[in-house]
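Take a look at these structures.
In what follows, subunit A forms one complex with subunit B and a second complex with subunit C.
== the complex of A and B ==
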């Protein structure tokens, strides 16, 4: 199973990752669109120093994957070697991805 | 009259009161008149002699006036007289829309002094008063030649107005010289690091202790390099600093630190506010500027010691409603529908902007249509509100309630009990999707009902940008119990 270390892209000292645009940029730099289509599962290694992934970052980073694979497919395809609160952050971000935008007229 | 003002200006510039200046003028006129009169016994003068004597008297009087004036230094600094046109500053111009036409260089202004008492200077407690005081400062800046500001609040109620004032100060003539300042406001300004940005000098050094600052930090646009977003962001540095400072405070004061969950709440809340500020205040580049500052104080009542946290974040540029004007057609249609519902002929409690701002807070609403179409975005405000509600929770009944104010354009949204969190209405959940969090500021949380005017307010002046300012009480015991409950939920 391929292992991808987030620290290789965002640096080892980062404590929090903020922002949808940043999530989209990191996603592109890590070629996640290609990884979504890989035949085997992929494991993300999240550095111990990282305290939080904000919901906006998770949305930018994983939105396309969640829409492509579905929620259960996403968690079957991607594994996380991370502290529990980071996994909670990922769940919170996916909750936002799967929130209806119908109030804004986008169905 | 015009001559009088012209003549007085030089004296006023030296801080000489009008009455004294007029007395000196009368003395000079007497002196001139005496010189013009021919001494007795000198005989008849020719026309030429008479004209020469007049010129002589005028020249001598001018010299005497100059000698008198030279005794007092000019009070206008180089910085004041060097500015011949108003310096463009969006916040200042927004608070005083006539500034570009009414503003005059200081040496062209009739002498006018003013003093302003800044009491209850708090967007959290009294937003209408706070913006009115800032508007008065902006108006005075364009017309008076000397002013004093008195910061009388004791304790400092809200850091938000000071963030706005430092932004205004970037374009203001330094005509506000001196004034009173309470000990606690002085300590906040000094230790938070706002003194220089506010152009203040203190005659006394503030006493240390009593407040724990969250230093003033700001971001300026950083350009559109594609690699920019792969580097460590200023917002990330600042959010990390916030958490480290809070932990330092708590360790020092109560020998506790925030739990991982508490840290996550602070980081996420601060991060989402800064991200919103950066992306939406500059409509074209999504590379806006912001500033942030805060502080914590320890307070005690009869039964408890508690830690009151103040945090404010200001982004300048477009207001929330202005940024929503660039939303996709479908979103604008839904927003207009909501506005029309509460802006009927007899329903004039709210402006369009008030209602557009309420609508923009709801989950799934964003100006960035492409992102919405890809199923992301539009959840930032509800996240900020949710994190704030969780962070400010407490198990103690006698702790002051939390309060968060969003000031954007001429609108204030006051988030405090009973309207503290968005609620998901599962009846309207789309298949396979979560229901959005909604907060309509009425008892039934219904968009068909009008919002509570105590929570959605029209302001008498306009802030060009958005200020989010908050006050909450950190209860380490509550955060600890919340973390345990979360851990139990995860393990089950």
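== the complex of A and C ==
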């Protein structure tokens, strides 16, 4: 399984990642559109220094992936080597992405 | 065969039935007609009132369900942010720079509150108890809160930190108002 280190893109000392625009920029820099289509699962390594990912960052970062793969498909495709509170931040962001019936698959 | 049956029904059966029913009315006195009219009007009013009561009951049930399943869970999440508000006021009313541990504790609680809030907003948007749009609210204000908490850590003086705390309090206040306003508007529009 390929391992992608977030620190390689955002720097090793990053403490907080905030904002949808920044999420979109990091997504583009990490070529997530290509990774979404990868045949194997991908593991993200989140630096220990990171304290918070805000939901808006996660929206910018993962919105297209969740839209493409669906929620369960997303968590099957992407794994996270991260502290529990960061994984919780990611879930909060995914909830925000799915705060829409269309994306949530309700309608 | 059907045409024959219909013809027989129209020429024989109808006059036969009418011959029994008509005398009931032709012999009625004005008092009978008044009683009949009063009864019919009461019957109509009864149906209307019962429909009105049923509609009122349905609306009341919908409101109660909205409060129980949408508004209350969101308000509970907001109350967690409320306790962060109190801690920020305590830090601002202090006389020295807050240490990183105190700020970390506030940030951890805000993350837990955000996790709960996001889950409840998602639930609300995907339920059939209210509208589907505009539930992704407060994200920008939460971003501001996190930025100010980070600013508090970097503050070199108490005054700098107080400024960051004021920013955080303002973000929390706007965050709270936006979400409560959303609940009120959904309640008014859909229940």
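Keep this in mind: the second predicted complex is superposed on the first by the 100 of 107 C-alpha atoms of A that agree within 3 Å, B and C clash if a C-alpha of one lies under 4 Å from a C-alpha of the other, contacts with A are read in each partner's own complex, and residues count from 1 in each chain.
The criterion applied here is as follows: contacts are C-beta pairs under 8 Å (C-beta built on N, C-alpha and C of every residue); 3 or more make two chains touch, one makes a residue touch a chain.
Quick caveat, the model's predicted, so the values are computed rather than measured.
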### Query
Putting subunit B and subunit C onto subunit A via the overlay, clash or fit?
clash
### More subunit A residues in contact - subunit B or subunit C
B
### Message
Let me test your reading of the model: by the given contact rule, A:9 touches which partner, first (subunit B), second (subunit C), both or neither?
### Response
first
### Message
Tell me the contact category for A:29 with respect to subunit B and subunit C: first, second, both or neither.
### Response
first
### Message
If we overlay the two complexes on their shared chain A, which of subunit B and subunit C does A:89 touch? Say first, second, both or neither.
### Response
both
### Message
Quick check for you: in the superposed arrangement, does A:21 touch first (subunit B), second (subunit C), both or neither?
### Response
first
### Query
Looking at the overlay, does A:56 come into contact with subunit B only (first), subunit C only (second), both, or neither?
both
### Task
Tell me which partner A:99 touches in the superposition: subunit B (first), subunit C (second), both or neither.
both
### Message
Tell me the contact category for A:1 with respect to subunit B and subunit C: first, second, both or neither.
### Response
neither
### Listed stretches 3-11, 21-29, 39-47 or 183-191 of subunit C, narrowed to the one that overlaps subunit B
183-191
### Query
Once the complexes are superposed, what residues of subunit A are shared between the subunit B interface and the subunit C interface?
15-16, 18-20, 51-52, 54-56, 59, 85, 88-89, 95-96, 98-101, 104, 106-107
### Task
Enumerate the contact residues on subunit A facing subunit C in the complex.
15-16, 18-20, 51-52, 54-56, 59, 85, 88-89, 91-93, 95-96, 98-101, 104, 106-107
### Task
Going by the contact rule at the top, pick out the subunit C residues touching subunit A in the complex.
104, 107-108, 111-112, 114-115, 118-119, 121-122, 125-126, 132-133, 135-136, 139-140, 142-143, 146-147, 150
### List of subunit A residues in touch with subunit B within their complex
9-11, 13-22, 24-26, 29, 51-52, 54-57, 59-60, 63-64, 66-67, 83-85, 88-89, 95-107
### Message
Which residues of subunit B touch subunit A once you look at their complex with the stated criterion?
### Response
226, 229-230, 232-233, 235-236, 239-240, 243, 260-261, 263-264, 267-268, 271-272, 274-275, 278-279, 286, 327-328, 330-331, 333-334, 362-366, 369, 371-380, 383, 428-430, 432-438, 486-487, 490
